[in-house]
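Chain nomenclature is as follows: A, B, C, D, E and F, assigned in order of appearance, with residue numbering initiated at 1 for each chain independently.
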């Protein structure tokens, strides 16, 4: 269990939480990595969501971050750990007709490394019963961007915030329910433009559609503080059980679609991972853009 | 039948109608109460809708109002009529396990006072086959706001118009199909912000999404007149049966969702009424804000 | 509160319950009326369902009955209470164009007497989270038949059990979700035959489709006893939380459809009540078949 | 086969195509008719779509046009071909009860002239698996407007572009899936305003909702060129199979609704054609507005 | 109009009708052809359905037939009329890439000959608001079988009745909504067995699922008579408006699915017709089995 | 890669395949284990399905087995491999509030061991485009039973065949889409009886609903042979592309529901695994029933 323990310990350091009833506040606390997230980080994040879920006095789960980025998405350095295997001739995809056993192994690898994590994380956000609030201090990328699109309320620190869903650029497909949330929130045509060409979704695209308030601030810590203060003020007049009951009724309209999308997205993506395109593209990114990344 | 007759007579005075083919014009005519509406008023409003429905020469059902507000929503003074009972110890909610007969009585009271009215009124608007037009001379609140969100065309007199859906503040949940119409028309994230914190939905939120034309006027009677004149002009070139056929096809996309939402909304709200939170909050509003209301 | 109290007291006598964990057993205990049910009885029945719902140690809600019939359906003698009004010329339906106030009053009467009750009772069964078990000792009629069709498990005492959905005969439409449950469980064509011509749904139609076990017994009390004993035996090997989790997943397939059907059924039925056909037919039944009923 | 051959030859001249991998470029090339389209033109357009569909190296199907209009919609001069018949007393609609054989003939005529064409063309756009791009050099009308609303990406040459859906004015109903695409992309209330009164959908209504980029140019040929150059640039970084996989997942959300709408729209429209209102209105347009059209 | 007139006249002879309120009785009256039906016959049949639809005193539309077969399905002799063209080299399918104009012509031919007819006929049955009753005197094949599966009530003369859906054998796909009605009524696995291998659906498969009563008779005329007599007896006790209201609620569950299926079925089938497989198989059947057919 | 390689090699021995166009025949070939299946076996099975999927000349994927059982389900001996960990105090579930890191680790373990495998296997069957045929030589249990319920055609060797879905007995929930397939194929009430009490689904329950033909044989090898011979005979007359096109249209009705169910089933089951009930029950089964199992 040693290696696993270490990874969980790392997640614990990178993602902290605090209970300030009725708020459960989760903070991405790894500004030095631009809050990029490993598989273990995502699963740890969801375990915290489960804690918020089970605490009956929690009505709002607030996601905060730190530093320049809200999150730079999945940490694709995990690929370098598998480098030896992925570089070996054994790992090379072959036509299943030639060697089904080899393809079966690759299926198993990517089921564990990609499918199970994505399905779980996305479902945890889809079915979270507390009001989900994202405090966007800066840009957000990939799977974390998808999770922010599953949040009920999104506030931005300033108009430099953007979302990045670079699935086409990475040889992947829609993740984290974005095949439903993007057309639902941005509209179909704008979603196609952003998804097909892996273009940034800029603040102006997000305003009123995803981001409901722009705080026009520069300091992340102060932004996190003021949002929380605002929230405490806003809820002073409302009956909190009504909020959860309304979320349940509202989400009933889309949760079935989101669950189906989640299943379809991961199952469609799997053969892309097995055939190797995303790995090639992640490696190229790591090599060529190590310094200029993001 | 005496008391009932009186209430119906009151509704007849407060809500008038006129047939100006192909328009059926219903007018809220109680500016001194800000057009707040009793259960009987809502049911009478729907009976007028049924008249419009059954008249084959009617193609458009137009809702007008008078005075400062389009409608200040449900008249919660009805609660004071039940004051004796609601204040008595008999009315206090008890755990059903302690006394199911008492809870059964409370269920019956609120089924009649709330569930049946809301379900009926909302359904009458969902399934109305004529083009529904709301002429917003001023703010609209609560269930009446929900009904305006079910209208096909909404025009505003000026940019002081706003919608208020204060369900969370009153210890209630979404009413009148708002769990579907708000996300459909305003978008999900904006709807959450407005619903969770009982915030006003301002003109700028409504523009192009709900309100399709702003007349920038100040006089309600002239506004009502000019909208009708405009409508007569606009329809001069169109084949009216096409309008109803198109509404039928368009609404087919959402009517099933609206009907399900209607059923869910009233059934989820019932235990809130039975447990007493909305009554407590209405009474507090009546007491504390009698003069400064809205 | 006097008259209401009496009616609730009557319901308490007619419908009893007992908690025998993990079973919550509700018993229709009015064999002398063939267990016909007033509005108050139906609401009291649902209040008991709410008790079962809220008790975390309850996993199964069991409906038993007594005497010859499981239930002969809604007690239409309530109409005779309203006889004076319904016979008066005031109550006669007039074209809404002639007198919308009169129609509005009739709408209100039937909203309270029919719509709110049916919507509530049906929803309580649709959304009950415990396993619903009906022990059919004999025939079941009307709304109670509809509720048995919403049960998850139905056992019959013998092959004399039948269901009766005489909506067409009474000038009504599908009630209690039967517009969904009948085609779902009996198939479309058989449902049309039974509904269009108000034919009994006989044991052979129900076998394996609705009734999953026939006990071939003659004594109701012994039947109730043996079913419960069987159930205790069957659950000895299973993990009870799995049962509720599976019901939740299974019902997710149909609950939205059932909720929409519930709303549509009551709203479509309302004008039938207002126009008076069901009352005329109930009165004819009461007159002509007082002795030979059912 | 002679007459048919000629019509197909005409279509071949009016609609050209070019394969510039991964683009399949279809160009409406009849500026002198404002690119109005006959039944044969629409069917030929779809046959080109099928070519794009079957070519595995094609990832994007681009629609370009020429001249002032993108397309002025269906060429209603075909009606004058049928003038003799349509003017004859045989063609006049009679109550089916009087002469079902005559109505049967009219059904057959309009099934061939309208239903089969519309259903086929709309379905070809709904189920096209390549990314559909419309380069709007100018206004677009009727069925062609509907097809552009089915495109995934729409670029405009300048802000003079508008969409016209004059179904109500022509005595018709929604065509080409507009009963789904308009509310989906423009929102419900705006769609009602445009559809009920046959109003132009102006650039400002379309911006960000349908049109994702405005090139602010004046020359159609240069606009077509620069859009293609832009596209080539944009796709340089993306993995093209990801684009098609994402379109498949995204469209899965709405294709069932679109297919149902397509069927409903044509079947609802048929009796309007049979009863003659659209023909009367087209003829009036041809007569009265021959010079001032559009 | 000459040739068309003749075809309609033929339909009038082959399909007769009679109004016997509240029944509208349509009779297939061409026993010498086993009631096989041309395109014109199907359209004429639907025109009669429209008559029944528009007659407010009609509550039941009854389909009767004559002779040995209820209907042997589509009359594929129409193909021989097109023999010259279909045999000519011009008609041969070519790869669209080689000659899109030729494919466009073939598309047009089959849109008129197949798509428009099937879509229309199927929709007329899906959306017919009166109770549809089929009196099966004998086997039924193809599109007519599909229409009988869309009927609400099906009675059989004896157990020699069977349904034949030989789509796979003819190089076609599901028609007439069978992709929905067969799994709905027969169950999924049985439908696959019948559809994949073009096996007859025998009386035992249909009993209780499609056929709700078997009259065990041998004479078609007497069977037709006795069914009608039975129906008159059955409806003596029911309120007929309730029947239509219940059908509307019941069908609301499946009509959207049926409409989507209708659109998908015809659009998927079109390229099969264009590529020529069904014609080849019909011609082989005509040649090889001219005497032994069915 | 060593340990993994061995497991894949084992799967290769236990599951064999053969291409006999248009059939792709997969055979469970481990009669000595009653064809119980490890995670690797299930993934290997799906890799074979992918081979069948990609082979354009394959139209039917046939599942055969060997020995007494078709398959005894998931091989729960894998739990003993994790015995040390699962017995250690580190593995014991703790309240997430106490130690989210520990719960996070357990989430990861079961995501890999259960969620990813089940989601993948189930999706492979849901979305397999070839006709899926299961030749049941004997009983089938658990996840393999669920997969057989996803097959299009099921034949049984004799009436001793049964299905076992013992989810409640094992402390689990519906797997492999059974929350959709069981009510769809068996009906709701029968499914509840079988699922709630973990009762065998006997041949009589399956007949005509799941099993479309019973071969009444005793020898597995001969049964496999004769089924294949029958199939070859049956397909001699049909156009094979029609079969795949029809499956695509038929499954379009239910695949979205199945995908959503798949996602929901695995995500609902995960906390059951994490909390340890299934492991405890599997271990009890292994201990207590080692010899008498099944």
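Operating definition for what follows: a residue touches a chain if its C-beta (ideal position, glycine included) is under 8 Å from a C-beta of that chain, and two chains touch if they have at least 3 such contacts.
Computed from a prediction, not measured in an experiment: that's the story for all the values here.
Steps from chain C to chain D, minimised over paths through touching chains, total 2. Steps from chain A to chain E, minimised over paths through touching chains, total 2.
Centroid distances built from C-alpha atoms place D farthest away from chain C.
The interface at A-B recurs elsewhere; of C-E, D-E or B-C, the pair that shares more than half of its residue-numbered contact pairs is C-E. Taking shared numbers over all numbers used, the chain E to chain F interface scores under half, which places it in the different class.
Between chain D and chain F, the centres computed from C-alpha atoms are 47 Å apart. Each chain gets a centre from the mean of its Cα atoms; for chain A and chain F, those two points are 32 Å apart.
Remark: chain A and chain D have CA centroids separated by 39 Å (rounded to whole angstrom).
Shown for chain E are the residues that touch two or more other chains, namely 252, 256, 264. Every residue of chain A that touches chain D in the complex is listed here, in rising order: 167-174, 179-180, 183, 187-193, 195-199, 205, 257, 261, 264-265, 268, 272, 277, 281. Contacts from chain B toward chain D in the complex involve residues 131, 151-154, 184-185, 208-213, 234-235, 237-239, 241-243, 245-250, 252-254.
The touching residues of chain F, counted against chain A in their complex, run 1, 4-5, 8-9, 11-12, 17, 39-40, 43-44, 46-48, 50-51, 54-55, 85, 90, 96-97, 100-101, 103-105, 107-108, 111-112, 115-117, 119-120, 123, 127, 256, 259-260, 262-264, 266-267, 270-271.
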